[in-house]
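Dropping the structures in below, format is structure tokens.
One chain, chain A, links the two complexes that follow: it is found with chain B in the first and with chain C in the second.
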Partner chain A sequence: LVGSDEGLQQKLAEAILREKKDFKISIHLATSLPLPSERDHLRPRIDLIAFMIDIKSKYSLKNVEASLAHVDASFFLGKVCFLVTGVGRVNYCSVEMNAIWKLGEVYCSPVLFCELELEGIRVATAQRLLRMLQICAGHIPGVSALSFGSLMRNSADD
Partner chain B sequence: MDVTVAEYIRRTVLKIPRDEIKTMLRKWGFLSETQLQTINFHQIKENISQDVVQLCEENSADIKQAAVLDIIYNHIYPNKRVWSVYQMNKTGEETEFFDLTDFKKKFKRRLRSALKNVTINFREYEDNAVWIRIAWGTPYTKPNQYKTSYVVYHSQTPYVFISVSVLKSNLPLLCQALVVASNYHDIHEMELRSHSLNSLKDIVFKRYSQNFQTYYPRPLQERNVAPENGDLRIIQENRNEKERIQRVNQEVFGDGPQPKLEFAQYKLETMFKSDPKMDVLDEKEPFRCLVKFSSPHLLESLKSLAPAGMADAPLSPLLTCIPQKARNYFKIREKKGFFPERFVSP
Partner chain C sequence: DPQRTAFLLRKQWTLYSVTPLYRFSDARLRDYARLLSAFIAAEKQKGLAVEVGVELDIKVSVSSLPDLKGSDQDQAAILVQLSSRSAASSKNSEEKLIWSGWFCCVSGDDLSENVPEDFTCLPLFLANGGESYTSIVGSWFQKTFDCCFRRLAISPLNLSWMAAMWTGCKVDKTASAMELVFSVPCLPQPLNISYAIHPEDAKALWDTVQKTPGEITQEEVDVFMDCLYSHFHRHFKIHLSATKLVKVSTAIASAHCDGIIKFLQSQYLTGVLMLLTELAISQIQ
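The block that comes next holds the complex of A and B.
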């Protein structure tokens, strides 16, 4: 999970861990990429990168954009997604929707809108991320990260 | 008793929170203890205030006593007003002994020579603070007790805290009177304003915790310690960065609570620098722009920006210099590359 809001990251990570699953998962929280190189040897394979953007903060968008430059191209075949929070507070939006849509298009990755401050939505988002993670890690036979990603994109266009 | 005085006392009592009325009346000391015992302080405020007025009637209260009650109220609740800080300058180096009686006499004389219709009251407090209450009238009308200015002067310092309220035109006269009465040469406004009188005092008397440039050597063991908050499946990658932010914040803001300010205002008189292709402003005229930051507690919120992930650390010095420079209203003019155009990180 990459994003500038630590508190929200932590809460989402905990929600993900609380879900029932039959595989081992480890969640890395970072404020930006690249990840510090001194821990490279301790890190397992990364299956999914979720970038968290807060619509109320231009800073969080800039942060994510800068981090995207450090992601290896192979991740954009379905292993990246954007989580956008803060949409409920229309008066405080400082990031334009166009910028968000463009981000999703340019990087061919799904954009999920979720008010992570609300527990119900946090739980739902955690479940979605887990499903995506299973696919990206290759645990679901017959469905690859790429095919799932294009499935999500096509349904969003409708 | 004058009917206007009665009304004024009634309204002043109504302002006081019910639980505090008895204590404040005691501090006032105008009503005797026996008289205070006759009031039922558990009834609604409307009735309490009526009872108080009744007793004041018995004691024949005049405007002077009513004004003292108002001073006491404002001394306990200064945050209901906006205070500006002024600094006086002396030409010579001599530190004269402060004579309170002389000060009061000169102040009243100066003010009254220019404007006869004023009510002036003084009250001294422990920390060498002299509180002055002035109710303003005009050459043709009696002083309006609801249009008051307050001055807090710490006699051992050159600082004066003024809460002007509505009639700003009387300000020059007030400043003149202060300068004459305190034997200073002149007075200027410090561009420092807030609701919190104590925070303003903290800033000018340097009573807040300042940042000291101490070197804190970080023990190496800390880096490899696993996070105490339980789950080892959650790994914080940017621990070092987070620690750096905390360190920088501590260096800039210090450890203790910040003085309470509500605004920081920057008036820009700088040239607009745009992409030459955009061709926005042809005339070489400064672009007038006002940037205002507002918050219930500005300095604390600035302090929490970087840890909350909303700004880079360190913050722009234009924001962090506020307590040291003792001002929160700035004018930024074009200087050869001294102040950068974009002065806020996010």
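The block that comes next holds the complex of A and C.
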């Protein structure tokens, strides 16, 4: 999980870990990329990168944009997604919607709108991320990260 | 004619969006004034009076401001004023203006074109004076014309548009500093940061950013604000982009995110009203 709001990241990570699952998951929280290179050799394989953007903070968008530059191109084949929070209150909007849509388009990755400050939605988002993670880690036979990614994109366009 | 609208300047106006009014006629303004006056008197009788113990005779006037419109399709602005005269010394005492409110529509073609015949579009309402009077006048209009008032808030995104637009405006005399106020989130005690910029510096910056005079794009606004933010960060190591922009003040006007505006230059009054009308219309739709 990459995003500038550490508190919210922590809460989402906890929600993910609380979910019932039959596989082992490890979540790495970072405020930005690149990750420190000293620990590269110790790091397990990364199956999914979720970038968190708060539309109430222009800084969170800038932070994600800068971090995206450090992601290897192979991740954009279905292993990246954007979580956008704060959309509920239009009057606090500091980021233009078009900028978010463009981000999803340019990086060919799904954009999920979720009010992560609300517990119910956090739980629902955690469940969605877990399903996506299972696919990205290759646990679901017949569905690859790439095919799932394009499925999500097509349904969003509708 | 700047003289006639001069009384609108330098006052703090609270903004509302108003849905189209049903069967409103600008030929019946005197009637409306009479009806509203009776309504206010009735509310006072009911004990919903504003001031307890003071016998106030409230006079209502409803008039039209034909200068305040953008295109010919716009409905002329309607001004409502409440003045008080102390009942004790009735004939000799002066009338004191205690509340003003005006409806307007500047370049509101988007709305007025799509509305059935019996409706009048005056989507922007501005009020100055006691909140209780605003509420009484608002209820009368809502009951009489089946419309709906809602406070109009201004998002940080829209405030930054205003900052960029108004910085680019030419002002005759020495302009006042451009001031941006930011509210810092997630702190136990509220903290506001005020960032004041010399108006000439701000204008010089905007002039280098804006490519086509008369046209403004979102990218240009973003670049302008980013320059201001990075300048601040260089000096204070604070990321203003992580805070919420709550107020913008320039020589043209000042706007607060709670939906409060102050007009400072009559030359640009219509321009600012056009922007506010657009915000009101998008809140209605």
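The rule we apply is simple: the second predicted complex is superposed on the first by the 158 of 158 C-alpha atoms of A that agree within 3 Å, B and C clash if a C-alpha of one lies under 4 Å from a C-alpha of the other, contacts with A are read in each partner's own complex, and residues count from 1 in each chain.
One rule holds in what follows: contacts are C-beta pairs under 8 Å (C-beta built on N, C-alpha and C of every residue); 3 or more make two chains touch, one makes a residue touch a chain.
In this text the structure is predicted, and so the values were computed from the model without any measurement.
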Clash or fit (per the criteria above) of chain B with chain C on chain A: clash
Chain B versus chain C as contact partner of A:Arg39, first or second or both or neither: first
First (chain B), second (chain C), both or neither touched by A:Leu116: neither
Touched partner set for A:Lys58, first chain B, second chain C, both or neither: both
Partner chain in contact with A:Leu17 - chain B first, chain C second, else both or neither: first
Touching partner for A:Ala30 - first (chain B), second (chain C), both, neither: first
First, second, both or neither for A:Val95, with chain B first and chain C second: second
Chain A residues touched by each partner, larger count belonging to chain B or chain C: B
First (chain B), second (chain C), both or neither touched by A:Ser4: both
Colliding stretch - chain C into chain B, listed as 7-15, 115-123, 133-141 or 187-195: 187-195
Footprint overlap on chain A, where chain B in one structure and chain C in the other make contact: 4, 7, 57-60, 62
Chain A partner contacts - residues on chain B that touch it in the complex: 231, 233-238, 240-242, 308-311, 345-346
Complex contacts: residues of chain C adjacent to chain A: 153-157, 160, 185-186, 218, 222, 225, 229, 239, 241-245, 257
Chain A - residues contacting chain B, complex: 3-7, 10, 13-14, 17, 25-32, 35-36, 39, 57-60, 62
Footprint of chain C on chain A - complex, ascending: 4, 7, 56-60, 62, 90-96, 98
